[in-house]
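Each chain gets a letter, A, B, C and D, in the order it is written, and its residues are counted from 1.
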């Protein structure tokens, strides 16, 4: 088989067992010293009934060992800092370092949520400013920063629709969700108490207005759509679609996870969405952190503002900020306190670093990059929906599957080439989907390397499919036994 | 060949070219904005004669690319954070994280050396406190924190001897340096203007008092010794040795690079040293940083205090701190400002974290670890000087060399086992030296793994010397062409 | 823009390759009338130095100069430097969730474990640590926060019991109760409150009458919102007798280092912010949920499992993903996707650093300080500690006058003296919830007591019907 | 102790393996009389929280609340967040020098390049960046600081020319001159000073008479200690005509982004602290030394070279180690071993971030600010800018009265207004050295000028022999 140029090589990395296996009695990673108050015997204060003698199996290690342990673990990870992370739908963009600095400033990182408003004006201002910026970017009128992640933003939004329609007399029963939707959409609908009704996409991967017209009965509360949709395609008839829903007494929820395609280009409020969420951990550069924390602000049109979660941050006439709990129509709280504040700080820092022009340039690069990848790969990989794409593109393994190699296998082989794989298996409407979102954080150089790798793998599939099926060949672990893990789950260490 | 258990495996790592190769015109990793003063044309202010249009070849990259570039480079390094670093004579111990925090505190990290003393009392206090601690630890009476590293500490100390003897009437001509000494010792002597006279070690690897007696003529200004010496052996006749030098009108300089063996156990001033340096980047946990910065304070007995570098930090009767420049007998400055202050902050944090007891426990662990390694390896590797060791031990490749495998080869093979090698080729008095300093930062578990690896390599040398000679087998690069590099040096990138 | 790695030349080349003559053409499919024509009215562009100045300014308008006795679900503990040093490694904080899995050829195939083994192993350790702390068998890899974790526990109990009625202690954090109300409102679930007894603990008699055979779960917090550590023996019996599940919420889990975990609980959930996660104005925090092994298939959120690779080496994967939204969509056990991984990592690092001895010592340290403060306050004439049950680092103090007034006086002394309880419990008008952690010095506590004393003296003088209002509050109808 | 990874059990097992019954026995070879018997009188042990408090206290007694116009070899520039984020990676800051090499079987074999390729490549980039900035052919991988770099340059020139006389501009940083005096005193080297001219630049006539055929090097700083940018054409000619080497020191190398490098110099050395290294009360900083290729074998300090591995892949090694102390011992080109690697890495990261455009823009920014300040000051009656030569971000201002008094007045306004020059140049009694970087706001500059104005008004009023003292200082005998 031809030896294709790769942009990665194996290098020795340390093994590292579980921290519990390093433990030895008497070690400790902190020294606390004596308290400055008279000592008190916890066992006496608590008495036998309550007093716990020890936590069996808890680790005992020194500070150094903790540093080594997690440093070593970290080296087995791949992050945006490592390289291109073209994971479709995840918007793995650069996480600016200044954001990490400002989020850790004493005051912002330390203020207590129940401290009096007059001593937390800085935090409140950050919340208020960010809400205002997000309203400007989406064209919406009001924003709550409370939801902890996208899925919670979705739930909040659906509950808002419910509250509004209930106020109008009938909350109705169903929410329409296109079959291309992200898994959280149907799950959030289910959590809200609505029932989900799927909506079939048309030949262009988009919502079919006729289909929608049929589905949009008076039992349907609204439509939950994603724009650009999960194929990376802009719903060109969006206006018509929203009007249709509105005409039939429904409301339009927009999943804003793909806003990286639209910032500065088009505003959901302008094309008809009534309520939407944003993922600060996608569009607004707050780090994914290996799975969170995220932040999923929900933005609404004026008429939905009364339903937003409580409390809201408000600015008084004298310029001071405060929390407004007097919101009788609110859906209530979706979590404790005011949201993932630390993420909000980072998002605001990102917005301010860019300004309007910077954000527009960012969107342009994101879309340019995705189109470049799509066009340079479509001769070797099937392009199921041949439309200009926005921030991401979806190819498929159709041709490779004929040789027994599927999207997952190609993804794993990419690892040997030094890349994090694209998203596989999503959206569900594309069999063998390969969903590629380079984001604006990829340079042309990165993309060319990635494209070369993808093309090389396509060749390998022709020449030696078995080899690809066994990939990756250069990682610390080889293919793991998933089935065994699920059959007899081992979910914790035991001595 | 037997497959020995290894504590490391290869894992894919990204390639990364030179930053210059990523450059593309118009990119920039910062945005400065406009100055808040009226703009000025540098080209006009400077005129053609002075004005530089551009720096040819200078890189142009985005912030993200800088992050990726250096993150990737870092993954090719091995640090104390990665694992055991038994590099003899280097004292590669844990660098506490709190030290990094306090050294970066605004005020300590930002004060200007020429700011008035009344507004820099905090920095001056840190210098003063640290000097006092180091005096206590060494038993010396005065300490200057000015020298930038060990070698500069050595030079300062030798110049102090020179100044003192000159004051006494005759600076003399020679300094005696044992043949086991670190390379900086003879180099520092040469820099001072003295001439170096080597002193042969005795059968125990120590200074031979008879030999010393012969060598210690009235042309000899003093003895520069290391204790424990570079074999890790405590000079048991140190008192006698110092007395001899003193009796013959000389002074004793002690290289304190090995103080990790002595803190809390013995004080150089108590056993006769007149002047010494410390390596804060060894004994006192300031990070090595891939080659510095270090800090090499010089400590002296009372009678040598007048000769210490200028200025000295002093405390006035009212408790305030200041700089004393009025030091007519001083050897002068050895560098600008007051020393590597940032390193001093870290060292003080380390001392305070430990207190006296902690430092003693540290020394004990360091010595225990070294003896443990020595005793568990001496059946397979030659132990040229069979003495109890202090903080490090020196074995040799004598037996392995018979099969054509040398210390360097064994060192390189250790890399495949997941370890950083020990020090090779030093001290010079041991042919094929393998100098192992585990430090107190190695746990028994680490040592057992290391010992297993060393034993496994010894077996491999027996079974398949060729394989060991080609090691390492698991690193990104294989053996590099040193000779070619030196013959036609390429010392910079060119377009 | 400094974050963008494409140069103008790169862009031009790519456009050319695509056959476009301008960047505008990329967006030509978007109908003209819905294109945004204006300029976004946003701050910036700012240089990094300007960003720093902006947020420094904001950070300056904070409570950072105040000593804080605020707890109530957000606890200030010292965060060792190693925590942030490790979290700041790009491989951790810039990685994605290792969550994708595909149902391929009938089996589930995970995709990203090769490049997220670090996070996966750390999450496995988190699960273990939480299981150890709570005394449960298994724990998941985090939920949003204590409030949603409690809510998810309730949803889980509804699924497990197929019942639709929940009994909740009034001393569950009031905001957690609000969250539950939001989520359950539309499920038609009945929520029944149980008051606290005069000791501050759950009113067991009231519980007895509240719990019945339709009850899915009983939810109790410990230490509860009033600081009281609950006793579970009788409670658990009552709950289980009715076939319901006992859900215990812990939002100051440091207590678990010296307080027995609720061994008879079915689900122990809560908030792990105390473990190395900054208070940060209330988020991001980190919810946890631990339970018995037999309930694992109804757990919400991600689970990391141990397995082996083809060469027999240990490795970690996300497992039981068929519970999750990306596989099961509307039938998933929860809609959660992104969770609080990095905060869970912080907690993992923190717990490893402190370890068995350190965590216990710290808990004792907190307890000693809180009890010192409470004793001093109890000595202030007119001021009392109304609840007699054992407490950890948080307790209620009753003042002889308007609590908000007292808080203002403390504030003038640069002390945030506690949370006024009236806001959450109208019957607790003159009561403050006071939390004392290791971050508060004895000197501050003494100063705090002085302010209380002065306040008491002044209010005692003017007080008329004092004896009436000092009757233990628990006896009032809750 | 929290840093120690051995448990009591580990220690006991190891002692047992060694046949010792106590840890004390490990030290039995040390004669009793020289064993330290007492307890070290040291602070601590402190918890991490206490350490933080101690240093916060110290940091509080600092000038951090002051705006600073201090330069003089230590420059406050904004440090982008990426610099510390990258330096803080353990693989960089906890690694050792990749310096060991052995002369084995007649050839030099380096040992540690396998595990330090990252540092090696970064240092190769540092060398390249310094060479580009200085316009020289090659640069080394750092020296201690600007002062020792200058001194090493002189020592190098002594070796290259085999002469023993050095001519030094009086406007070389006074502390650099002191360092040189310390090092050269014992080499019997003659040091000759050359004064500055009325313009602030080197007095070329004086240089002409000072330099001769015994002269090894002429050392000139630019911008010099008075802020003046030197012109080198004539100087270089003079130096080279005499067979000497021209050593140019630059300690504000940001100037090199808009000021032509001294193309005719033989060695350009100095201080790179400006590039992302904190001022930190004067250290650690980072010295650099660049020169012509033909002099490379006399260079001090480490050099990283590019080479290839057995498979033809590019790699980096420390090269020409036969110049260094660990190989050559007393015959080494310098005694330096540990250098300033991490600071050099900071500078490398910083320079990559700013890059061609950013560095130039920043230099222009500095220049605009400094010139604004100087113009405003020049407008203050009685205050003047005595030296007419071009300057970058630092200049001398002459005040109509006691400079220290003026500085105290500025200090009262929370401004550190400059360095009083009298301390270094007795003839410059009423002169201040003022440095203006991008970190100082216009508002601060305006406030500073106001203080000058008030000071001038007061002093002008009382001044008698003012006209005499305002004559350009350069004309006084230096």
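By definition in this document, a contact is a pair of C-beta atoms (placed from the backbone, for glycine too) under 8 Å apart; a residue touches a chain by one contact, two chains touch by 3 or more.
Because the structure is a prediction, the values reported are computed rather than measured.
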| item | value |
| --- | --- |
| Between the pairs A-C and A-D, the one where more C-beta pairs touch | A-C |
| Centroid-based (C-alpha) most distant chain relative to subunit C | D |
| For subunit A paired with subunit D, centre-to-centre distance based on mean C-alpha positions, whole Å | 46 |
| Between subunit B and subunit D, centroid-to-centroid distance (C-alpha), Å | 21 |
| Where subunit C touches two or more other chains at once, by residue number | 1-7, 10, 45-46, 48, 50, 80-82, 85, 88-90, 438 |
| For subunit A, residues that touch 2 or more chains besides their own | 24, 26-32, 60-65, 67, 71-72, 75-76, 81-82, 94, 96-98, 100-101, 353, 415, 441, 443, 445, 472, 475-476 |
| Contacting residues of subunit C [partner subunit B, same complex] | 1-10, 45-48, 50, 80-82, 85, 90 |
| Sites on subunit B touched by subunit C in the complex | 24-33, 60-65, 67, 71, 96-98, 100-101 |
| Partner subunit B, residues of subunit A touching it in the complex | 6-15, 22, 24, 31, 62-65, 67-68, 71-72, 75-76, 81-83, 94, 96-97, 353, 415-416, 418, 441, 443, 445, 472, 474-476 |
| Subunit C partner contacts - residues on subunit D that touch it in the complex | 48-49, 78, 80-81, 85, 88-89, 438-439 |
